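Going in written order, the chains are labelled A, B, C, D, E and F, and every chain counts its residues from 1.
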Amino acid sequence: MDFPLTHQLGVVRRRIPRADAAARDRLAGFGVATLHEAMGRVGLMKPYMRPIYAGAHACGTAVTVLLQPGDNWMMHVAAEQIRPGDIVVAAVTAECTDGYFGDLLATSFKARGACGLVIDAGVRDVRTLTGMGFPVWSKAISAKGTIKATPGSVNVPVVCAGAAVKPGDVIVADADGIVVVPRLQAPEVRRLARDRYAKESQTRERLKNGELGLDFYGLRTRLTELGVVYVDKEE
Amino acid sequence: MDFPLTHQLGVVRRRIPRADAAARDRLAGFGVATLHEAMGRVGLMKPYMRPIYAGAHACGTAVTVLLQPGDNWMMHVAAEQIRPGDIVVAAVTAECTDGYFGDLLATSFKARGACGLVIDAGVRDVRTLTGMGFPVWSKAISAKGTIKATPGSVNVPVVCAGAAVKPGDVIVADADGIVVVPRLQAPEVRRLARDRYAKESQTRERLKNGELGLDFYGLRTRLTELGVVYVDKEE
Amino acid sequence: MDFPLTHQLGVVRRRIPRADAAARDRLAGFGVATLHEAMGRVGLMKPYMRPIYAGAHACGTAVTVLLQPGDNWMMHVAAEQIRPGDIVVAAVTAECTDGYFGDLLATSFKARGACGLVIDAGVRDVRTLTGMGFPVWSKAISAKGTIKATPGSVNVPVVCAGAAVKPGDVIVADADGIVVVPRLQAPEVRRLARDRYAKESQTRERLKNGELGLDFYGLRTRLTELGVVYVDKEE
Amino acid sequence: MDFPLTHQLGVVRRRIPRADAAARDRLAGFGVATLHEAMGRVGLMKPYMRPIYAGAHACGTAVTVLLQPGDNWMMHVAAEQIRPGDIVVAAVTAECTDGYFGDLLATSFKARGACGLVIDAGVRDVRTLTGMGFPVWSKAISAKGTIKATPGSVNVPVVCAGAAVKPGDVIVADADGIVVVPRLQAPEVRRLARDRYAKESQTRERLKNGELGLDFYGLRTRLTELGVVYVDKEE
Amino acid sequence: MDFPLTHQLGVVRRRIPRADAAARDRLAGFGVATLHEAMGRVGLMKPYMRPIYAGAHACGTAVTVLLQPGDNWMMHVAAEQIRPGDIVVAAVTAECTDGYFGDLLATSFKARGACGLVIDAGVRDVRTLTGMGFPVWSKAISAKGTIKATPGSVNVPVVCAGAAVKPGDVIVADADGIVVVPRLQAPEVRRLARDRYAKESQTRERLKNGELGLDFYGLRTRLTELGVVYVDKEE
Amino acid sequence: MDFPLTHQLGVVRRRIPRADAAARDRLAGFGVATLHEAMGRVGLMKPYMRPIYAGAHACGTAVTVLLQPGDNWMMHVAAEQIRPGDIVVAAVTAECTDGYFGDLLATSFKARGACGLVIDAGVRDVRTLTGMGFPVWSKAISAKGTIKATPGSVNVPVVCAGAAVKPGDVIVADADGIVVVPRLQAPEVRRLARDRYAKESQTRERLKNGELGLDFYGLRTRLTELGVVYVDKEE
């Protein structure tokens, strides 16, 4: 980055390259587990992140926010940068469970076209958010509010729940977790996911009919090579 | 307290001053987040406390219980002290996840008029409790039962999930957490919550219409003062 | 065990003594809390184990699996050992939250007659699993997949979530947790559970009518002996 | 409290009743475990609180601080309220691991006569603090600094690591944890601790000589009454 | 086991087969990591278990204890069963951090010849224990004492910190953790550990001289086969 | 990155731009807390990372490793890429506490000139590592070993304990934690740290003489503006 160091917290980028909307939308049909496999098992957020209601699902281009502990000022700054199809990805500079986001910000985000929020901290008003159908993945639920005193940044690279996210990346989130698809890789990931999905559908059929993974994955020989012993007597 | 030290565990207060019933009931219409804000952001229990079913909501006057680890004797003692409109708030003298409370005690509490339970430990029979519509907020769910060997206390001041609770305080609990409103402050908190709610309703309308928090909270000027830089080039 | 030490990881027992099917099924009607009490309060898994959907319930004979961290190979080996009425109990040799199990394995397990899975690690595809009605209790939900590189064992004694499980033991799991009933004790546990349940039903009736546990458990005298003081003045 | 509600965060009490200095100092010779027993097993902070160096020990009168998350302003306000023999007890209105306290504040606290710090959050500069011999008990060590934007309070009742603390209470902290002795109970607790200690010294001698607790605590009979069975065959 | 179910908690076995003393002592010279490798990577307790002082090391035959939450009665019962060279391994029927063990019990255990304690709960008086050189591995340090109300068992199979332990097994504990060597496998494990240690010593020499594991483990070819790419340009 | 997606795990970069050695070494004299402040409070790893021995300190240029769960193959690959003055920074694609690193790898790393290791997982042989004076910061200590089956990457950007690290960045680690100084910013961070340190030294002198932070930070006026009330009566 070519900003002086002291500006790292205090930058709002208004123009970011976003993943192609069509490419993004084609990812929406895949589950997070399938996409994560397709990507070669990178880009997954930590499993402590949980949706606030069952059935939550989202696929959007990331508007990133870097927050200070207990301070949600930059969420308001981020609101202005949201375009339809975006999802907000919020990281904090230290561990915090405060409720940075509630129904007011959700109203604003929704009005700007956001399709969800992923936040490595807490949220509140979860009953109202559920009623609004605004999906959120968070590490905590907390009624504790936040202040507006110290700037952070918007649309800078962040680390959220253990995953590196750049503005404009595609974020897909469902009941299994949250995966980050780098902006330019969306088409390739989609292709790989589709292939994987097709293969899994065939596999599913065979398994349903009672075939064993041991057989059609061809795992038996290697088991023997590695010295696994089948024992038939009852102990 | 004027009891000798050795009686701190071993006291049951039968007469406690309770928050005024009407004042208490007027708090029931507010969410925990709103009340917590109205109180100046004090009195919130830790976010690890979770309702055992979605949609749980309660507002009652606190009957407090101080329990020993793995021992639910005082829950039975507390049952007798419950009056209609009360909520039981149970603390333990050490960390414990045992299931102190199940459908039998819930039957008893309900028969006495309790509207819920907040317990810094575990509960069990959660399916039955859900069927009964008896709301519980706990730190764990565990089938592990408890014994009845060592006395604790009922209706003494306790610390539950990080919050100080006095018998007779108003407890409001919902999906966002649990807030403790000191007995005599119920009317003032209600007034402040109502004002806050009214203001938030207006805000919500404006946000829905696309206005930005940045503008009507007047946050732009201070952002500039603090050196936040808006950048337009794409990196 | 009479295998050389180096084979402890690398054993698949094909013939295990299972708890009698009728005895097993008679346990299905009891809650985990009741069974745990009936057993004298042993055999419970840790409360961090949670069902992936509300209402999950299972009762089966254990097929055990000992997995390596991040490696689900032995789940496929276990599939072949499943018989109708079994439940798979999976332990890992180190702490791991990876998603060892998803809809493909669930399809296979179901085709073999398994009635559920208890795993001291992560699972994925939870939405599909929920749709299939295949109940799982796990310590995490994670989209992270696993490899097939290092053998573990099937149908050896394991420690899962803090409980010792032998192949063929009866596992009962519901919203309150998971209890392990040793294979040969199923009939006795059932008898004790039934007695307990009957007694609790009577108790429930009396509590519903407003009687107090203090009275019919006869707890008042001992409270006094232990020096518990009832105080009537208001402080 | 007779301050208006909105002032709860924003109060600095300059005059607090402190436990008698002689009574306080007489508690310093006892371990936390002994004092906690003497008090009837109440008043202990949670075991996640740990000293920053081995051998840390402190006994002082509490100057309390209620902090905002990520904001250490009130630590500076508290500094002015410290008198020789005090220990600062700092609570936060939400969970936070930031480093609120380092060698500069320690220099200031020491200059004012403080004998230690107990903080339900993080500290930093622990190597320097160790060199200074300034004992701190905290829940985290973190280099993350804090801001000075939002007032809290000084010398109000707080909940720190699960224990209620009033300004002027005696705090004793060592390798086993931290105990809170209410201000006026210091003399009685000291007397009870001394008796307990004397008794334990005798016990220690007898145990050293091979006598068994089973015998001189008279535990054998009750074991038998409760149905405990001694088994001699080797299984 | 041939005791009726209700006696599972309530059994004290006085005669247990212990691992051969010479075999046990020969294990003492190996680190836990080496032994765990030698055993094929089974039998390790969870890494949350930590020694109470740096340099703690122990190797003994297990006297097992099954405790109730918050109740250390059976520790006194266990004391009587200790013979020189034993180490006590204590499990609890539910999660608990209470301080079950302090300097009095340590005095007693030491007088009986115990060489240490492994406990899946809390201990106290750690400064004195350190001074006595009595090594303890625990999951918590807590000044909280325990009661003597409910029996558990002594010398029954237990699960401690995720590992199954039988009375008489060899327990080796050091800075890296705690490993359980089944009673009859001590000689074989010792042989395997010695071989491993010898091999590691040679390896150490070669690594010290700058040879690479990549080369003498022969890892390069397989890296290439798996498609790993070495890149030389600087990005 | 211009590698095809499927190669993200499976890349070893042999030539990386490293921070200037002189610039790096000039950072070694500063504490992590000071550097973190100088950087504007970004770049800190999570506080769960802890040194394996007291007094550990390191400052080096990062060689990064991306590991698979339970697999330390790439640590051996990384060894070859180490140059004198480097520190290895190891991330895992999923949560894992296994012991990836022990005295053998330490011998190798040291022979290549590494000055330490930062790993978001477990390590073992900590007593030997301490004896060798080889500093390690980790999230766990575990005797559990790892396999060599699945490739990861070396010298790619990683997220370690919540912080983004690029190969060649400067890593400074001490008792307070670990900070990442981006490669090209080392000189500026050093200048800012020096200024900050100088200022703090002056501050320290004044505080030592009893001056209050309240005064020379000029905090009193704003306290009043924000409505903080000083109270003199004793309640």
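Here, a contact is a pair of C-beta atoms (placed from the backbone, for glycine too) under 8 Å apart; a residue touches a chain by one contact, two chains touch by 3 or more.
Keep in mind it's a predicted model, so treat the numbers as computed, not measured.
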item: Partner chains that chain A and chain B have in common; value: C, D
item: Numbering shared by both copies at the chain F-chain A contact, with half separating same from different; value: same
item: Recurring contact interface, reference A-C, options B-E, C-F or A-B [over half identical by residue number]; value: A-B
item: Length of the line joining the C-alpha centres of chain D and chain E, rounded to whole Å; value: 31
item: Whole-Å gap between the CA centroids of chain C and chain D; value: 40
item: Averaged-CA centre spacing for the pair chain E and chain C, given as whole angstrom; value: 26
item: Of all residues in chain D, the ones touching two or more other chains; value: 7, 41, 44, 47, 93-95, 97, 142, 144, 150
item: Complete list of chain pairs which touch one another; value: A-B, A-C, A-D, A-F, B-C, B-D, B-E, C-E, C-F, D-E, D-F, E-F
item: Of all residues in chain D, those that touch chain B in their complex; value: 4-9, 39-42, 44, 46-47, 66, 93-95, 157, 159, 162-164, 185, 188-189, 192
item: Contacting residues of chain A [partner chain D, same complex]; value: 68-71, 93-98, 142, 144, 147, 149-150
item: Chain E-touching residues of chain F, taken from the complex the two chains share; value: 1, 3, 7, 10-17, 53, 73, 76-77, 79-80, 97, 99, 102-105, 107-108, 111-112, 122, 124-128, 140-145, 148, 150-151
item: Parts of chain E lying in touch with chain F, wherever the complex brings them together; value: 31-33, 36-37, 41, 44, 47, 50, 54-55, 174-177, 179, 200, 203-204, 207-210, 212-214, 217, 219, 223, 226-235
